[in-house]
Amino acid sequence: MTKLVELIVSGTIRGALYALVALGFVVIYKATGVINFAQGGLLLIGTYLTYNAHVTWGLPFWPAVGLATALTALTGVAVERTVLRRMAGQPVFAVIMVTLGLLIVVQQVVPAIWGYDRLNLDDPWGVRRLSFGGIHVDLKDVWALAVVAVVLAALFAFFRYGRYGLAMRAMAIDQEAAMAQGISARRVVALSWGIAGAVATLAGVMLAAGSGGVDPAKDVIALAAFPAIILGGLDSPVGAVVGGLAIGLSQALTGGYQPDHAAFLGAGFDTVMPYVVMVLVLLARPCGLFGTRDVVRA
Amino acid sequence: MDGLSLFASRRSRNLTLALIVGVAAYPLVVRSELWLTVLLFVGATAIGAVGLNLLTGFTGQVSLGHAFFLGLGAYTACYLGNPTGGAPAGRGLPLFVWLPLAALLPGLVGLVVGPAALRLKGNYLAVVSLGLVFLGAHVFKQWSSVTGGSDGTSVAPSLALGPVDFAGIGGLTRNQSLFFLVWGMVGLTTLGSRNLVRTRPGRAMQAVRDREVAAEVIGVSVARYKLGAFAISSGLAGLSGALYAVVLTYVEPGTWSLALSIQFVAMIIVGGIGTTTGGVLGALFVGGLPEVVRHYSASIPFVARTASERGLSLPQLNQILFGLCIVGFLVLEPRGIAALWARAAHRSGEHRVQARPHPL
Amino acid sequence: MSDDLTKAPVLEVEGLTLRFGGITALDRVSLDVRSGELFAVIGPNGAGKTSILNCLSCLHRPQEGSIRIEGNELVGRRPMAAARAGIARTFQNLGLFPSLDVIDNLMLGRHQRTSTGFLAGAIWVGKARREEVLNRRRCEELVELLDLQPHRRARVGALAYGVQKRVELGRALAMEPRLLLLDEPVAGMDAEETADIARLIVDVNAELGLAMILVEHDMAMVMGVADRLLAVDFGRVIGSGTPAEIQADPRVIEAYLGRPQGRVL
């Protein structure tokens, strides 16, 4: 029983991080209709900038995170302005590939600057653990959940009440009509890249905190988060969170039980579990659990 | 009646003939093992790139799952062609059995997976096909009786076709001989693909790409041509993977990674989406670039020449250039190198092939 | 004029009702088109004209009613089935394949009249070549008929709108249909182009004896070429008959006088 609870806790925490990454995908998708494969790259940039600001330049932790978040958001905006804006009106496939190309570049530039070694983020939580009735939880994971909750609340408020949030929703429904209403498509798209950069930084920091460490392979979480958005539906923030949690939980539970109860599936099956879940869901519902039907028409 | 000949113009025909002569002479003239190996990889991957171009360029379906089908083809070749005594043991079947099956089997798997995948479009298809690579890698890792598991397997199938042994024709080395097999297959693939796209099935594929609804209204079965393109693309990926493995002589599950899939997409983008020659040109570019970079590395700034020196390593630089090429071509010349080729080939005034502003 | 009542109907539509959510786009529409007849559907914007064509080419699935072409029921089937049953059409906003050239677009009209498969196509020698040569000849005839010679190898997406309209008509004719649906074939054309197309439509109708349904805004043209008309408004049939009958029909006049389009009658 303890094992089950522990698995659920660790799955939830992992799922929350997936959700955070997935939210970055959703924000850009809502504004542009394209999955940003470079999201993992933004995550790397944000995490290493945090490391630089905190460890190298000696800023206190939270101001360092704030600075890195702002810089990564600006990076996102800059990438949109310089590269993706030129791709407006091009087929989805072409835009996806541009973001993939950008990811490849970032994946190499980051280790060229900071090296391949795992670096310690020197965050305030370290490896401290809390204990609730026999269940151990890393302190930084509790904070991770809190960060996810705050970001989520902020994004919801933004989409519901913010001027640009509403604009973004209008754009997602009908780009031409939205533009006819005087909504600046360019600003909305640039803003979405900014938000994606900020969200990616927070996800990266929470991933690298404690025993995680900063290393250039941290962007693989973005690959694992793909199934979360597919599961939740590309254009739904709620879906991203539910999808992220579902993937995190299924992964943790598979990791906990499959080696004993379904060994024939092979070692390391939990790492591909998100994709198994994704395929099964798509066979039943081609637009995910919360997606709008139109999304499939891409 | 124009358009019935294989080539768009006389000049294009002459250029192609010159190219064929050049390719055939290459292994006899170029004695450098390095450049032979590079061109062997280029040839093996060109087949897969031509296949992917049929799916993505001509039918408009994105796939990041190409590496999975390459792996399938490679392991089919290993299982059927490797000697019976090896570990893992093969079946010791001859070339004319394992090579066609290395294309057929992945093609069949494509037919089975296709209907589920092709219900999805654009973004969804991209992510799901990516899932195919991860799931495939897991299966490859587990199925150690065929793949050798994480340790990998050597690739040593018989390369004899009747009296000709592509492991050593006459007094030629293995790489020289293999060159004829690989590039012979490139020739066949390119020819078949060119024929396909200029006849009924290829036209239907392009109709599906351009406008699905209109295609259906004129009686084109969208599902049939999507699925057909997917199966052919998977089959050519299998053939490509088998030859790629033979050139490598050793493969492990990690060979068939997402990075490999991305390379193939990069090939068709750089070479020219929706053109037959694009796949080959792209494979040449993607395969040749690292060697060119290595050759000139001494004169490129920021490159570390020794392990202790700070700066970019060569592989890093290659990857960066590679990423920049994808971005650069898509932003600046979405029609790829093939467009430059077409321009060169048609300067003679025979403007039969029309310039196409954007391939998709 | 071929309003010979003894001719068998090519198309019989009965009680067609089409709803989108709560909106009724078509309300019990019935019509029949006889072999060789040039049938026109008129009505104000949003009256349901295009919806009728979309039902006929199986792009919309009506909730009620039946569509029979030469006795075969089409309701509930895929667009391909309509094509196979012999229905060809053009679209109001063009349904061409923009990145292919004129010849390829016309050859695509030959798709169901040919059978080269993937393998035969890749091999080329033999069947594929024979079919290409044979069908190319037919397409070249259409190029002549439609005056498309200067554009043969031009990418369709780059051609002028009027030329594209002709290409689309050519593609529909290449299908050798039993019934041709034309959705506003002269929309956006000047008077001279309109006259050309009108002449062409009449010629094709006369020479090939091809049954046609023409949806058009240009009343003068419709009244000039159609054998019979159907007037629709708000998804309902408000009148049908010869051009003369329609022009005298009080319901039709009212429908048109009640709104700006009234001036065209």
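Per-chain residue numbering starts at 1, and chain names A, B and C are given in the order in which the chains are listed.
Here is the rule we use: a residue touches a chain if its C-beta (ideal position, glycine included) is under 8 Å from a C-beta of that chain, and two chains touch if they have at least 3 such contacts.
Keep in mind that what you see is a predicted model, and the values were worked out from it rather than measured.
Enquirer: I'd like the most central chain, judged by C-alpha centroids against the all-protein C-alpha centroid.
Expert: Answer by centroid distance: B.
Enquirer: Which chain has its C-alpha centre farthest away from the C-alpha centre of chain B?
Expert: Between chain B and every other chain, the largest centroid distance is to C.
Enquirer: CA centre of chain A versus CA centre of chain B: separation in Å?
Expert: One centre to the other, that is 32 Å.
Enquirer: For chain B and chain C, what's the span in angstrom between their mean Cα positions?
Expert: Measuring from centre to centre gives 43 Å for this pair.
Enquirer: At what distance in angstrom does the C-alpha mean of chain C lie from that of chain A?
Expert: Computed from C-alpha means, the inter-chain centre distance equals 50 Å.
Enquirer: Considering chain C alone, which of its residues make contact with at least two other chains?
Expert: none
Enquirer: For chain B, what residues touch not just one other chain but two or more?
Expert: In chain B, 358 touch at least two other chains.
Enquirer: How about chain C: which of its residues touch chain B in the complex?
Expert: 57, 59, 78-80, 82-84, 88-89, 91, 95-101, 103-104, 107-112, 114-118, 120-124, 128-129, 131-133, 136-137, 140, 153-155, 157-158, 171, 175
Enquirer: Provide the residue numbers of chain B that touch chain A in the complex, in ascending order.
Expert: Touch residues, chain B against chain A: 56, 60, 62, 116, 119-124, 126-128, 130-131, 134-135, 137-138, 141-142, 258, 262, 265-266, 269, 311-313, 316-317, 319-320, 322-327, 330-331, 334, 358, 360.
Enquirer: Give every residue of chain A touching chain B within the complex, in rising order.
Expert: Residue list for chain A touching chain B: 29, 33-35, 83, 86-87, 90-94, 96-98, 100-105, 107-109, 111-112, 223, 226-227, 229-230, 234, 265-269, 271-272, 275-276, 278-279, 282-283, 286-287, 295-298.
Enquirer: Touching residues of chain B toward chain C in the complex: what are they?
Expert: Within the complex, chain B touches chain C at residues 1-4, 6, 192-193, 195-196, 199-204, 206-207, 209-211, 213-221, 228, 232, 274, 351-359.
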